[in-house]
Each structure stands twice: as structure tokens, then as C-alpha cells.
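In the two complexes that follow, chain A is the common piece, with chain B as its partner first and chain C second.
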Partner chain A sequence: MFMNLQATNHAPASWRKRRSTTALQNLAALLILLVLSPASAHAAKISELGDTSIIEQALRFFTFQDPSVRYALAGSMLLGITCGLLGSFIVVRKMALVGDALSHAVLPGVAIGFLWNMSKDPVAIFIGATIAGLLGTVMVRLITQTTHLKEDTALGLVLATFFAVGICLLTMIQRLPTGNKSGIDKFLFGQAAAMGPGDIQLMAVVTVLSIVVITLFYKEFLVTSFDPGFASAAGFPTQMIHYGLMLLLAFAIVIALQAVGVVLVSAMLITPAASAYLLTDRMSRMLWLAAIFGLLAGALGSFVSFLGPNLPTGPLMVLAATTVFALAFLFSPQHGIANRWWRQRSRAKRVQRENTLKSVYHVLESRHTMGEGVSLRELAERRRETIEEAARQAAELRRHELATLHEEGDLIFLTPAGWQLACAIVRNHRLWELYLTNAAQIAADHVHEDAEKIEHVLGDEVVRELERRLQYATTDPHGRPIPSLAEMQRGAGAADKPGDSIGYGKRT
Partner chain B sequence: MNTFIPPFDFQKVLVSPWTTDLASYGWIALMGFFVATACGLVGNYLILRRMALVGDAISHSVLPGLVVAYLLAGTRHSTVMFVGALAAGLLTTVLIELIHKKSRVKQDAAIGITFSSLFAIGVILISHFASKVDLDQECVLYGEIGNISLDVPYVQLGSLVLGPPTLVRMAVVTLVVVLLITIFYKELLVSSFDPALAFSLGINATLVHYSLMSMLSVVVVSAFESVGAILVIAMLILPGATASLISHRLPVIFVLTVLHAALSAVLGVHLALWLECSIAGAMVVMAAVLFVLAWIFSPTQGLLRRWLRMRQPVEPPAVAARQKS
Partner chain C sequence: MQTNPIAATAEAVAPLEIHDLTVSYHNKPVLWGIDLVVPPGKLIGIIGPNGAGKSTLIKAAMGLLPLSSGWVKVFGEPVKKNLTRVGYVPQRESVDWDFPVSVMDVVLMGRYGRLGLIKRPSKVDRDVARECLDKVKMLPYANRQISNLSGGQQQRVFLARALAQESDLYFMDEPFAGVDAATEAAIVTLLQELKEKGKTLLVVHHDLPSAREYFDMLLLLNMRVVAFGATEAVFTSEMLQKTYGGRLTILSEVAEAVRQKT
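So, the complex of A and B:
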């Protein structure tokens, strides 16, 4: 994965970057349009709209008549995009929980921003929170650099301490007689429905800003994320890039606080990005996917929370993101556990088939005739299994056109393809045994186990090389013949199509 | 600003909690001490195992456990809450391990995904069943330690008045934690520092891991209603981190942890009285102040000490001198 990302950054980087630049610019323009379109009206609480049927609510949602719907939707989608983009970088930098720490650390900043002029002024709160967040990251750096405490401890320390200071300040504010305090506690859990046009504009600004910064400094972010050593050797200002990212992150967290609250911001940062991480190896694609997942989670969350009373938007957004992650976790084509399980299973079945073929070969070999079919009883005895098991394996061979069954399914005849494969496996096995005894000086009675494993994975080229090194030997260390190429071809020449032959083994 | 930071009233802040108001503030300080001790002792192992943020995760994700246990059993009895929290805590650990082991998502991201999802489920459950659930999400996040002295009747043992029920429960939990750590000292120590050695000694690392996580869940849930989820994290990390700045020996660290817990509880009460703010918050602030003091003045690795050492002129190495002559 690492190599891949490096590779994208070499020669073709210029055109790839330009392409993603224009695309991201389009996206930004689209977002500005989306945000500026809603007329300024007063936001109502989504949850107050309850008591109507779900379908009716869904219709109201999709017609976008309610300004509150427009604000909540636009806000959630904007923050989904921003968090997805920035989250991608913190996930690949293995600093996922920095988002968590930052989101708690901004709380005292929120309180101080409120104290500035005793109102819920978005700009003052924004500035205060950003400063507090940055201070938090600086503290984490300082603690990890000057003590032996590890980063997780430092993060937890800063998170909890800043949050406690914030709680103290908030309880002191609650006690104050003056000022419009309503809504300040909403920062803890967020309320997407209470977002006004001012909040949305701020969100749009932050979203556009992060898109522009990521586009302009894509290469810098990429290199410092994956290879900090190379980055600083090549003269990139890694410290500055780190704090630049932290600044953007603080911006994103502060705007997200409104919608999802302190605790769940980190989910919006981590979950869409981690889902994207499971799906692709390319950073540019990961950014796109994470932004799309974030947008999707935002839209879904605000939609579902609109459907019924008492459904909070923030947690629903998080759950939507988690659902996406669960799907990626299970069904990602490369890294999903369902696919991995399937691959393992098919590999196990292939090994099983090959072992059956090998046993058939052994039976034929022990008769010195290489003729006739092999009965199920013989196969079962050879493999030390029950007849039923042998029958099942024979059927499996026939399903893959490696063998045909005759006389009430009692006799197994290998097709040319089956014979060839059986020879190849036995040949791999014996060549490897010989190689281990000759070249590695391992005792002849110790090489069988290893050969049992490797016979299924040796490639053609390795086999050729083994033959060359062993000077085309014809017998293995136990004195049994190694099937030659000619012998394999003999089977292949027996019939044109594997299916219609009665198989190798009929004496001609 | 004058009303925001109240004037310092010596009598009210420093004297009254020890004299006239001892009945209420004594309980509160004691409660804070028990919470900080239990959390701090368990937290020491979390710090050693670099799992400090797993504590963070569990303290958030016990929320759905509490809600589900409450909805199923219909009571807020402490046993039910314990079982719910324990189940949720173990589920969190299992999920983190699952995501981290079975995919290429790193452990930190796995922690973040798990706890936030579970917490979101908890919040949704609470707001959806708001009429039925007597749990307050904000109370869960930053519970109020000041309420505990109001719990009556006090638990009595014979004629001896032990204290408010919450406090007695926390004291029992703390005692159990101390007992377990003493009994399984060797197992915890070895498996935290040297998993390979633990394996060769026949210590079941998985069992130790999950036992520690169970202990953590129990401690977290019992500390919950007094200090809330996020301040639990502070109590988990701050005492241990402070102690480990001062000493490298585990027994000494334990003693320092308890000392730190006591100091931050008492000082927190005073600070809260002065600023008239959340007592639990003030306790954490004082704990953090103690941490900063240790960070600066630690005799072995404090900032001051490092600064002094840097100012000392560097003597030429002895080997080089000999070669020259």
C-alpha cells in the first residue's frame, strides 16, 4: 500500500494532481451554490415537527420546503465532507484519536469565546475553540517530547484536563445572571436542527478552505503522512504541515460541534475515512471516498432524524457512518472479511482437490500399471478416510472436470487435465524433497511435511529452476520416480477435450 | 468579570468544609478520593499497556449497556447496571480487537469507531425512550459529585453509620480493586511489561486482558454517576501519569497514585467552593495542576531538571582525553 501511494506521487503526479484539482474546484463551486441557495429564515427544531406519518415527513424532507431541513441537511453534508477529507489524513497518520482529544479540548475555548461578549456569537466561539484546540495539540506534543509518557496517555491527559476546565467554565457561566446562555450546552451533544444561516456560512467557508488547502498542498500532506523521514530530508517543513493540518482539524471540529456535539465529532472524522481506507490503496481515491461517505452519513442522519420525533441527528449520522464502515469491513473487495473468508475457503478446496488427485496418482503408481480406474475403496484406503468422504471428493473432482466416474460411480478415471495436474503436484512434491535433501542437506525423512505444504504453491518458473539445479534428476530421495514432462503430456494427448474422454488410465 | 470569578473568601473556601460543612463536603471529598484511587490504580496498568484510550472508549460505551440493562430489567438497581456496563465494556474490547485484527484499520481508529458508535446508540436509545428511561445523557457525561451527600438513608452496619449508599458502594469497589491488584500483582506486572515472559510462565494473557477490562468496566460504571464519563478518563490517566513522572518502581507509583487521588479530591473541593463550579471538574483541574507540577519539578525527569542539565557545561569524554595524551 505504501509503495502504491509512493508510486502515484512520482511521474504521473502532475496530471493526476491537476485532474483532481479541477474536480475538487467543481465540488467547491457546487457547495457554495448549495449553501447560498437557502433563503434566510428562522430554523425550527426538527423534533418539534413530529406527530405526522413517516411518509409525509419523508415527502416534506425531499421537497426541502422547511428551511430547517435545508439548513440541517446542508450543514450535515458540509461537515461530512470536511471531516471525511481531514479524517483521511489523520487515519493514515495513525493519529485517529487526536480528533477525539481535539474535540474535547476545544470546550474551554467555546466557554471563553462565549464569555467574550456574553452571547453565542459563532465567530468568537470559533476563534476561542480553535485556539484551545491548537493549544491542546501543542500540549500533547510537549508532553510526548519531554517525558517518557506515550502518545495515548498524553492524548488522554490533555483531553480530560481541557474538558474538565471547560466543564468548570460552563458551570460558572450557568451561574451568571446575565447573557443569553441558551444553547451553549448544545455543544456537548449537538443539535443539527438548531443551525442557522450563520452557522451554515461558517461551515461552507471551512469546507471550501479545507478543500482548497488540501488541493494546493496535496503533495506535501501526502509525503509527510506516509514518509515523515523522507519528507524532512527532502526539505518539507513537516512541523508546519503538522500544525497546518491540526489547524484545519480544529476548524472542522468546531463547525461540527454544532451538529454532532463534542463526543461524536471524532466518529465523523474517523469512521468515513476508515471505511475509505478499507476500500482503496490510493490516497486521492481515499479522499474522494471519505468525502462521499461523510456526505452520505450526513444526509442519511439528517433524513432519518427528520422521520420521527426524538431522533437526535448527530448520533444518527454517526450510526449511518458506522453502517458504511461495517459494510466495507465485511465486503471490501480486497480487505473485507467476507471476501477473505471466501478466498481462504476456495484455496482450501483447491488444496483438497489436489491432494485427492495426488492420492489417485499414488494408487495408480503402486500398481505399476498406470492403467485402469481407481475404485473409491482404494482411494479411501489410501487417504485413510471413509468411502463416503472419498465419494464426495471424487464428485468434487468430476465437478471440476478433473475425473470421470464409471460403473455406478465406483471407479475414478482421471481426465487428461486431471492427470496433468496430478503429475504436476507429485512432481512438485518430489522435486522439492530432492531439493531439500540435496541443497539444504536436510535428512530425507524430514522433508515430506514441508513438501506437502509447498507442492500447492510452487509456480512454473520455480519448478523449471528446481529441475535445472537438480540436473533433471528422475528419482526423489525415497527412490520413487519423479513424473517427467513427457509423462504429463502423455495424458494430455489422450483426448482433445477433457470432458468426453474416458480418461487416462485406459490401456491403449 | 467580578461575578464570574468570585472573591476569595478564606472562611468559606478553606475553613468551612472542615468545620461546619464537614457533613456534606467530607462525604464529597471522600467520594472523590475513592473514585480517583480506584480509577488511578486500574489506570496505572492501562498506561503501562499503552491502552490509556481504551479507558476512554469503555467509559463512553458503557452508556448503551446501562440503557439496555435498564430497559430490560426495568429498574435502576446497581446490580443490573453493573451487569449492563460489564457486558458493554467487554463488547467494546471484543469489537476493538475484531476490527483491529481482522482488517487493516489500526488500533486507534478501531477504538474511535467502536466507542463512538456505541455511544451514539446509547444516546439514540435514551432520547427515543426518553419517557421511560430515567437516565440523563448529560448526567452520564459529567455527573455531579455534589449530589451524593443528599442520598438518604445512610448505610448502617449495626450501630455504625457508614455513609451514603453511593459512597459505600464506591468504597467497596475500591477495596475490591486494591485486593485484586494485590492478589494478582505478579500476573498483572509480568503480562504488562513482558508478554513473552508471561506466556512462558504460563500466565494466560488473554484472561488477564479481559479481567482487567472487566475491572475497568466495573470501576467506570461505579464512578460514573459521581464524576461522569469524561472525568473518569481524567481519573484513570492523571494519577498514574503523575506518579510515573516521579518514580519508576510500581509499588512507589501505587502509593503516589493514592496520594495524588487524596490531594486532588481535597483541593478540588476547595477550588469548587471558591469558583462555585462543578466539583468533579474542579477535582480534575487540581489533578491536572498536580500533574503539571510533577512535570516541571520531578526530581528525575522534570522540565526544570532537564533545563539545568542542559545548562551544565559538557565535559569532554574521558576516553578522548586519554587518547590525546
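So, the complex of A and C:
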């Protein structure tokens, strides 16, 4: 017993660290060991220890100390892994609705499995539920093949009908003398605490089976999911692989029923896989991530449900999975909206800085004097903004070392870098205006708005190309000079000490 | 030695022989009594109006659809026995380009058929895949996710996958649909090269003027074989009229083009 506990205590850590098939197999072996170890300890249920702190409870829960808790946690983790793995294929095959229909279709099978010998025998329920689920998929196929109804309609139809039959049977069982104590109603919303050693053994078998089948036939699942036509032409039994996957899916749903419940089990298939899909663009990584997310969701959901009496496990697991999804949705490097928002924001700020620089350039240009400082009032007038707004933008330029501020901060001097950038922006703007009027025959008074946007996105290569095509023109369509490269370079060589600055027309 | 190109050219048996083939969707025949004997080492265009059964013909030839009647032989054997000698380029739209795989992964799928069940691609397979990517000038994209590709690039990836199959008989479903001019030219060159190596290629095509330039032979199809033969012999206004039934305005234009050029 002691040896077994030692082994199981280390299981979760070794899982997350190692990333190889053998690690996965070791883990599976450890979990089986855990599951098969005799349950002899007599610790109280966590929910009965009212006065302990949440950390103590968590410690107690995740170290597998209590036998009842041990089953719940191990079961939740196993179902999380299986659902994550199979869910990945469901998501990339666009079969999410099939998962939902299948999970509802198994309910009558659960009830009949119970009625078989009037007890919650895991094997009888497993067989009954699997048969019902497969019957449901056969009926969907029958409807789509013999009528012109499409798959979504057929799925909706079968889902509702099977679920209705299941609810009727469950209600009947509840009225039976032994039925109301059976806990069969837990199949609706799930109760991890209701799982016994028999359930866990079954879950371990299904999890190991899923891992082995997916590892062995990864190539086949991949090619038939991506391009079934090509896979068939290359000689793969696409239909058989599809049905194999459906059978594994039915197994995964049936083992998850007890803890998650019929109503929500499809969420355990879809949510971890969808989160993984947002984070990676490789199938193998997606499988790993989905399995880990499923495991986390299972463990967290069952833990929270143990904190209070009679908290349903299913909804809590689904919420845990949704939390992971929300994080992926917000913070995924490629698809996350937080990242996208951040990129947009930094781009907007850059555009603003460049516009401020451009205004400073315009002020200097309009003066035709050697004076190189631009006051905040001049800038504000030019940009048609308040002095405060101009001051804020000047401070922003200083922060990026594009300008220095003098005389109590109301005079702006561009640094060499600022001068260069200002020239580049004005240059981009005027080159683009010239290009539009020359090459695209757009009237001179139509081009300004367009150039306002384009000036910020033109890359060096495009600018060089524009120069070539415009034969190094020196004035824009409105007759204003286009800043030359030499003019820009004047800024680069200037000394960068306080008080030194570059201005329009200034010779350094 | 199945893939030896010299063996393929020296072969006496036809790469593809179809006899009295009928295919139906929902009891409605799409192809009727097709008879076809395809000679080796030819680049053959399959043309015909929409709904003529062009895609259906190549799918049925590969054994992807149930046949209502007739039989198909590939290099003298039922197609199921000679699958490794058959390469396939499906329509680009038939797959989800957001699928989580890289360009390399897709090209490696061309090797899967030879590997059979369970076996994983080896280093040799990776080398072949890399060579094939190089041939279509997509090697720099090997590790990209496929959704970042343009239409022309997607088509090149599909071609690279077919090349990786190292087959003797190729079926291609509209490889020129929606690709840029550079890709179209590259594909034509590639098809010519394959033909010179003794491969036989059947290509579904829908652009009549270019069909005349690209292909050695044409199969004019409209639920039945209207004509099959050398392009010069078959590409006549009379035959096109028969194939398209005079419904398309393009027909008169092309017929005019034919008249002017000949």
C-alpha cells in the first residue's frame, strides 16, 4: 500500500515534465497501478472536514490520500486526457455536433444497462451506452442517406429523440424501490464522487486504448482527417478509420458520463481541443495540449466540486475548461485578441508619433527661417488641438528620443533621429501623392487622404521603387519640395548633445 | 521496380483501361458506358461542361466511388492492387486549409500510401518530400502552416505531394483552377517533365483555349465519351459543339479561334 501511494504521488509531476511517447506510457502504467491498488485507508471525505483551509484541502485532494477522493481525481484526469485527445480529431474534422449528438444518444443505453441487473454495474452500463451511441450514429447515417435532409438536421433529430427516451427511462428507474438510491440520476450532470474502483478501471482501460490507438495510427488519422479523398486514393480504409474513431469517441463519452454528465460531456471534448487549436498549428502539439488541458480541467473541476457538498462535477469541469479556453482566446500569441489589440495599439501610437513629427516638419517648413525650435502653441495650431494635447505628444516624442524639450518644456527640438523620421514620413507622403497623380491618373486634390494612411506603411523597398519610377522627382503634385535623402542624412551626422538640434533649412 | 520510368514506358499494358463504366449518384447516372484505353507516356486533358462527370470519372477510375457497372484496370490489374502506381491531385477546395499541419506534413502524406498502416515516414521519405518541394519551388515554405499560403502556393504543395507518391499514372482535378500565371506556367513545365519520364497524366481542365496548347491528347466528356484522341484531331469546332451542346457562348469564340489558327 505504502509503495503504491509513493508511486502515485509522483505521477502528475512526471506527466507534465516529459514529452515523449514513453513518458505517456509510463504515466498510463502508473495510473493503472494507482487504480488497482487496494483501497484500505479510512480518511474522512474532504467535504466533511469543515474547518480545514483550502490549501490543506487541496493538499489532501491532490496527494491521493483519501480513497474516495483518489477515485474521483484519477477518474477526472483520465477522462480529461481521453476527451482531449479524441476531441482534437473531432474539432479538426468539424464533427463537434456529432460529439454532442452521440453524448445524448447514449442515455437510454445507460438506463438499460442499469436495468439489466438492477445495479450500477460499470461494464453493463458501458456496453449499453456504447450500443445506444452507435445506434444513434447509424440512424443519423440512415436519415442522411435515404432522404435529402442534411447531417445537422439528422443529428438534432436523433439527439433529441434518444435523450427523451433516456429521460423517460431514468424517471422510471427513480420510481423503482431501489432506483432512487442508485445514483443513476448523477448521469445527467455528473458527480465525480459517485465513481467506484470498477469505473476507474474501465476509464484506465479506455484511456490506455485511446493513447495506444492514436499513437499507432496517428498517420492514418491525420491523412483521413485532412484529405479523405486523397487518403482513400492512397489505399487507406477511410471509412473504417472513421468508424474506429467514432467507436473510440463513444468509449470516451461513456467513461466521462459518470463524472461530467450527459448534458455537458461534449464540452469536455470540444473545449480543451479548441483551446489547443488556438495555441498551435501542428496536429501533434494540439493533441498534447488538448490532453493536458483536459487533464487540468478534470482535476480542477473535481477538486472544486469536492469543496462543497453536492456540487455537480460536470459543470465545474466545463467551467475550468472554459477558463483555459478564455485564456487561450485572450493571450494566444497568434490568434489571441489581447495580442492583436496590443499590436494595434502600438501601431496606433507609432502613427500618432509620426504624425506629430510630420506637423513639426510642416511648421518648420512654413516658417522659411533658420529657427529650429517649435513651440507647443505652434504645434497645437498646426494639428488643430489643445495645448495640453500637444504637450502630451511632445512628451511622447521625448520619451522615444525623437525630440528634446527646452525652456520649461514649451519648445520642441527634433533630435537627429526625429528629424530623419520626420523627413522620411513627409517624403513617403509626397512620393505617394506624386505616384498616384502620375501613374494612376488620380486628381491632385484626391490623393492627400490616401497618402495620410500609406505614409506610415511604406517599406524601404517600396520607397526606393517609387523613387525610381518617379525619376527622383523633387516636388510633389502640390508644388512642395520632397525632402531629399541628403537632407535626411544631415540629421544623422549631427552631434547629439543637449541644445543641439536639426531644423528645416538649418545647415550643420 | 514498379516505379522505374523505363519499365513504365516499355510496358505493353495500358496504364488505364476502362470498360463500360457507369456511375450514378442517387440512382441518377452521371457517367454512361465509358470505354477508354489510355496509352502510356501521354499528357491528357479531360474537358467538358459543368456536370459532365469529369471529376467523377477520375474518382471512379481510382476506385473512390461505387460503380453501377463496368470495370477499371490500372496497368492490367484492378486499381486496388496497383494503388501505389496511382498519384492523385484533388481539387484544392476539397480540404480545409486551416488544418493544423505544415507544408512538409502535407507533402509527406504522399509517402503514406507506400508505407502502409502504422509505419511512420523515415528519413528517406523526408528527403524525397524535400526534393519534391524543391521541384515546385516551395522548399523555403516547408515549415509554414498551410493557411498562410496563396492559392497558387497551395496548388504547388498538392503537386509536390503527388510527386512524392512517385507514381506512374496521375489523376489531377483542375490543377490550374484559381492559380497565378507563374504557377500555371510552372505546373505546365512540371507536367511535361513527368510525361518525358514516361508517366501518364490525366488532367481535368476547364479552359478550352489553353487545353489546346497544354495537352497531347484530349478526352471530350459529357456524361459519355464524345471523343478521345490526339489534340489536333479532336479539338475541332464540330467535336466541341457536340461536347458542349452549343450552350456556351465560349464555344463560338473558341471555334472562331480554331478557324483562324488552322
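The criterion applied here is as follows: the second predicted complex is superposed on the first by the 365 of 508 C-alpha atoms of A that agree within 3 Å, B and C clash if a C-alpha of one lies under 4 Å from a C-alpha of the other, contacts with A are read in each partner's own complex, and residues count from 1 in each chain.
Methods note: a residue touches a chain if its C-beta (ideal position, glycine included) is under 8 Å from a C-beta of that chain, and two chains touch if they have at least 3 such contacts.
Because the structure is a prediction, the values reported are computed rather than measured.
Q: Is A:I167 in contact with chain B, with chain C, with both, or with neither (first, second, both, neither)?
A: First partner only, chain B.
Q: Should A:P312 be classified as contacting the first partner (chain B), the second (chain C), both, or neither?
A: First partner only, chain B.
Q: In the superposed arrangement, does A:M286 touch chain B (first), chain C (second), both or neither?
A: second
Q: Which of the two, chain B or chain C, is in touch with more residues of chain A?
A: Ranking chain B and chain C by residues of chain A touched puts B first.
Q: Kindly classify A:Y277 by the partners it touches after superposition: chain B alone (first), chain C alone (second), both, or neither?
A: Both partners, chain B and chain C.
Q: Between chain B (first) and chain C (second), which, if any, makes contact with A:M95: first, second, both or neither?
A: In the superposition, A:M95 contacts chain B only.
Q: Output check: A:L264 vs chain B and chain C. Expected answer is one of first, second, both, neither. What do you get?
A: Touch partner of A:L264: chain B, not chain C.
Q: Show which residues of chain A both chain B and chain C reach, each in its own complex.
A: 94, 277
Q: For the complex, which residues does chain C have touching chain A?
A: Its residues touching chain A are 59, 62-64, 80, 83-84, 86, 88, 90, 94-96, 99-102, 105-106, 109, 112-113, 115-121, 145, 147, 161, 165, 171.
Q: For chain A, which residues count as touching chain C in their complex?
A: Per the touch definition, chain A meets chain C at residues 92, 94, 216-220, 222-223, 225-227, 229-236, 277, 280-283, 285-286.
Q: Within their complex, state which residues of chain A touch chain B.
A: Per the stated touch rule, the residues are 1, 91, 94-97, 99-100, 104, 115, 143, 146-150, 152-153, 155-157, 159-161, 163-165, 167-173, 175-177, 185, 188-189, 263-264, 266-267, 269-271, 273-274, 277-278, 310-312, 314-316, 318-319, 322, 325, 329, 332, 335-337.
Q: Would you pull the chain B residues touching chain A in the complex into a rising list?
A: My answer: residues 3-5, 47, 50-53, 55-56, 60, 99, 102-106, 108-109, 111-113, 116-117, 119-121, 123-124, 127-128, 130, 137-138, 141-142, 230-231, 233-234, 236-238, 241, 244-245, 275-278, 280-282, 284-285, 288, 291, 295, 301, 303, 306.
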